[in-house]
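The two complexes that follow have chain A in common; it is paired with chain B in the first and with chain C in the second.
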Partner chain A sequence: MADEIVLRPSVAASVPFPLRWARGFWAFVVTMFRYKPLGFAGFVIVVVLMFTAIFADFIAPYEYNDTNRHDQFAPPSLKHPIGADHLGRDLFSRIVHGSRISVSIGFGAVAGAMCIAISLGLLTGYYGGWLDKIIQRFVDGWMTFPGIVIALAMVAIAGPGLWPLIIILGLLFGIRGSRVVRGQVLAVMARPHIEVARSVGVSDLRLMAVHVFPNVLPLVIILATIEIPLAITIEASLSFLGFGIPPPAPSWGRMLSAEARQHMLMAPWLGIAPGLALSLTIFGWNMFGDALRDLLDPAMRGSLGER
Partner chain B sequence: MTQMQDRAPVPGQEVAPLLEVKDLKMHFPVTSGLILQRKIGAIKAVDGVSFSIPRGQTLGLVGESGSGKTTVGRCIIQLNEPTSGEVWLDGVELTTAKGRQLRGMRRRMQMVFQDPYSSLNPRMSIGTIIGEPMLVHKITSGKGELKEQVSELLRVVGLNPSMADRYPHEFSGGQRQRIGIARAIAVRPDFIVADEPVSALDVSIQAQLINLLEDIQEQFNLTFLFIAHDLSVVRHMSENVAVMYLGKIMEMAERSELYEKPLHPYTQALLSAVPVPNPRVEAQRERIVLQGTIPSPMNAPSGCVFHTRCPIAIDDCRVVVPELKEYSPGHWAACIRV
Partner chain C sequence: MRTYAIQRVLLLVPTLLVLSIISFSLIRFIPGDAAWMMVDELGYADDIEALQERLGLNEPVPTQYVKWVTGFFRGDFGRSLWDGSPAVDELVRRLPVTLELAFFSLFLSAIVAIPIGVFSAVRQDTKGDYIVRSTVVLADAVPHFWLATLILVLPAVYIGWSPPVGWHSLSEDPVKHLLLLLLPAAIISVSSAASLVRITRTMMLEVLRQEYIRTAWSKGLSERSVMYRHALKNALIPVITVFGLRVPNALNGSVVMEAVFGIPGLGRWTIDAINFRDYPQLQVALMFTAITVLVANLIVDLAYGWLDPRVRYK
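Take a look at the complex of A and B:
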């Protein structure tokens, strides 16, 4: 049983550095397949999504912007695997290219958000005092506005486009997330082992990096996996309102809301395809995040073999 | 000042003691108000405690919950900044030490904590936990030596060196406390505060750990402040014993003196609460049963803090704050009725 527990530093300690990571990764994938089948399914979806995003140009049979009058509202066929839209654009190609937007928004915004949330949360939670009071009152003010309102206002200032959206969503989630991270930092700081580390003579920086942060990390992972689909959804909502990625870029949200809404009854594939793509992506991220959190917890790692 | 300032109350020590605590006070402020916090009172967790411990010896610190004994230990280790008073460790005053100097001194004093479950970081392997003090104080050179030292320490505390890669949740309470002890002795300190190191453990395990503590004390020439509420454990471990009540030392004496001729009514009551293994004696002996519980340290009783529960209190006890006086060589008590 003990042999099945992966991620032990000792197991891989003798292997050279790049190999150690590769081996750890595969062991991790195998463990997830064995003990977290749903999480593995999510992992597969996420991998497929990323693969699609990277190789969209090779996978898609047409350009996402190729219009064809004869194929308007074409039902699924050999020529158009999941049909075509009101301008006769191949839906499959648009979905495939759209994955790029979803992946960039999801990763970009959340990576930025986590950087902001972790640094603000650690700083305010660890040092407390006036720094904490001032920064967190600002966060309070920020949180009184609904996210979409802030996002709309900022898009109005910065203008639409992929990069502005990534930065805006990163700020939006990051500042909110800092409160969650701070709460967890406070909870961890109250644990006796922090006090023990202090009595040993550990410096502030090491205390934060080695003792507090790893105990906050599971929460950050959950937060990130919740916020990736959320960011994708907000991008979709903004695109629907005309503030997102400007057309003709194939944003799933825009395809679902703006284009499909009018013609859904006549050509249901217009709604089903981007809807399915969005739901699958969100489902995949959530399941993967859940499994990741469980597998990263040493206490859970030990009990995996007994299940 | 109710207690002596100049002389440490453990006599017969010509050599300067390793640890000396002088008139230590720890008053936690009680505040109220949302924005502008006003101080409305203070919890006097420790109120004028003085003692000293000669090198290589153990001072047992006993008292019931809330008597401030843990706070004394925390103030010595500088986890709490005392309100006033001095803590001298081998000629260095700790309460005024800051930053780098204090961190350097941390190498010489370590603490074993009460709760073996929450005092280990669940995300660090025990090898890392034990190795961390050496890493922080740059005692070892290189990873190989660190690993060796960790193995050696594990062996010293009776654990298998191959366990270094395991995580805390894989160990029992007794094993975790052994890990805590290994971490404490990793930097080869002179002085260790053991804060109820065995009270969270089974009685059978307690004995093993007490023996381990004695072994390492001998092996590393350690000086202990042994905090406990179990009088028999303290008797076994310590050369001198101090009894605390509500932030003050009530009585302090050499071990056999204190256990055989207790002067203070509180000590007498504590000792009479220890069961005697012989049932016939146990049935017949007279016990002093204290009424009620320890008062709140926020508004401690006037005069002698013990007068509310003292079986022999007189009117004067409400008014007069008893001084800690030496009644026989090395035997100190704070009671006007002795």
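Take a look at the complex of A and C:
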């Protein structure tokens, strides 16, 4: 687990706060590879997942919805590398296409969540006052609801489907994340450079954008890597319960649902493969996120993960 | 301590108010109310307005809200729109089941995770420690519902046996009741156990580096005494926080497990209420799921304040 790896002092000094963005992507990858082997493995999994999602049409031998009467419950073979389902649809192709859902939910929902979290967090943290007090009470209440329960109620409002889910999960995590961003904004506002900027008459907007926001950004990135696997899990759970992405879209969660379970008795691979894909994805994001967190801000280890 | 406790309890009041507003207003956005469903889909009545009036759905939303909230103080949580039974009756049947499942799973994860976490810290960087750490990492990545699916399906396919699914209430048959809850609780406990092992290990390692532990060693105390009386006691304080943080997760897990194993708890009730647009039922279900989390947080905070006096005087 990443929280046990103590960075050697020399490393901690050479890989400081914003990772020296300028040193670029490859320096980051090399650092990851040298000091965070598990995190690097996670990074590779994430990259492979994105690659699969982008090139799904070329990787998958069939369309995800190609039915074939003769291949019902076909066991793994050359024709169907990991078997076929009750409609004779190639399982491998379905899982490959399912990665698109997973990636869109992960990035879409969390991108939305970050927009909400940043704007709400900046506004409440920067201006404070009675509006902040009211919003914080609302956030308190919002955070009390367990994620799946509130998401279920919201699916009932917005209806099932990929876009509604992205919006729902974006709202869910955005409002929760605003609390974290606000905390960081308050911490940044106490630093001397803000007072200096104010004293030379920098406008509120510019102060927020130029002096506060860049200092909040590393935290936002960390938050995002934590929330991506959570969003993917919640989508899968909702689809599993029958409230997520409707068929025939190849959602991994839906492929494991109660309706699908009866078919698994005939073809156990139907129950194994989608779950493996899902677990591997979550594993990859978790490991990558942990390593990133350690590299970006060693002081924050383990303080954000639980929700 | 008393001032601290009173402060914490008073802080609940605004949160409760917000909870009631969120639970109430969220579901008003759900398109199509129960009256529509009754008339359009099931043909219960000819005139939708008459039905809406009978169910109290025609009143202005603020009026409905005030009625609902004031009802709370009288122990009246509204009636189900479908069978007219008081929501509180069903709640009394459902809430204990979910609480039992959630806390059973947390209990399981604690009795498994804390000894493992201690072991892993004491034997830091040995083979045993590596095995524990890799297992934790893997356990964290496996979603509850996949684990449940595998446990239901694989034995059925390969050895022709499947775990029992169904329901016996506690009063009916306590032994069967606990056996039925054991599997879902164990499945939910996996991810909680993973994070508990991690925090126990980290905290133990931190405490073991402290000077008073060196003193304890140099006094010639036995390993047992150093570990359990001096180290573990202090290491467990932050673990309690994580325990509290796992409560929403246990409730999430129980929503899913109730659906898989056919357990009549709050989670299933929530899902039914959404499917049938049963506002009073859904409001109450949402509200009490949140109250469970709130009360758990309160208990954790109070326990923390009691165990660690520094917290109270902040």
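By definition in this document, the second predicted complex is superposed on the first by the 227 of 307 C-alpha atoms of A that agree within 3 Å, B and C clash if a C-alpha of one lies under 4 Å from a C-alpha of the other, contacts with A are read in each partner's own complex, and residues count from 1 in each chain.
Criterion: a residue touches a chain if its C-beta (ideal position, glycine included) is under 8 Å from a C-beta of that chain, and two chains touch if they have at least 3 such contacts.
Here the structure is a predicted model, which is why all the values come from computation and not from measurement.
Applying the stated contact rule after C-alpha superposition, one finds that A:206 touches chain B and leaves chain C untouched.
Once the two complexes are laid over each other on the shared chain, residue contacts for A:119 go to neither chain B nor chain C. One of chain B and chain C touches more residues of chain A, and that partner is C.
By the document's definition of touching, of the two partners only chain C reaches A:278; chain B does not. By the document's definition of touching, neither partner reaches A:77: not chain B, not chain C. When the two structures are aligned on the shared chain, A:198 is found in touch with chain B, with no touch to chain C.
Common to the chain B-facing and chain C-facing surfaces of chain A are residues 302.
Of all the residues in chain B, the ones that touch chain A in their complex are 77, 79, 103, 106-107, 110-111, 113, 115, 118-125, 132-133, 136-137, 164-165, 167, 169-170, 180, 183, 187.
Against chain C, the residues of chain A that register as touching in their complex are 1, 3-4, 38, 137-138, 140-142, 144-150, 152-157, 233, 236-237, 240-241, 243, 253, 256, 258, 261, 264-265, 268, 271-272, 275, 278-280, 282-283, 286-287, 302, 305-307.
Contact residues of chain A toward chain B in the complex are 8-10, 191-193, 195-203, 206, 210-211, 214-215, 298-299, 302. Only residues 14-15, 18-19, 21-22, 26-27, 29-31, 133, 136-138, 140-146, 149-150, 152-154, 156-158, 195, 198-199, 201-202, 205, 242, 245-246, 248-249, 251-252, 255-256, 259-260, 267, 270-271, 274, 282, 286, 289-290, 293-294, 297 of chain C touch chain A when the two sit together in their complex.
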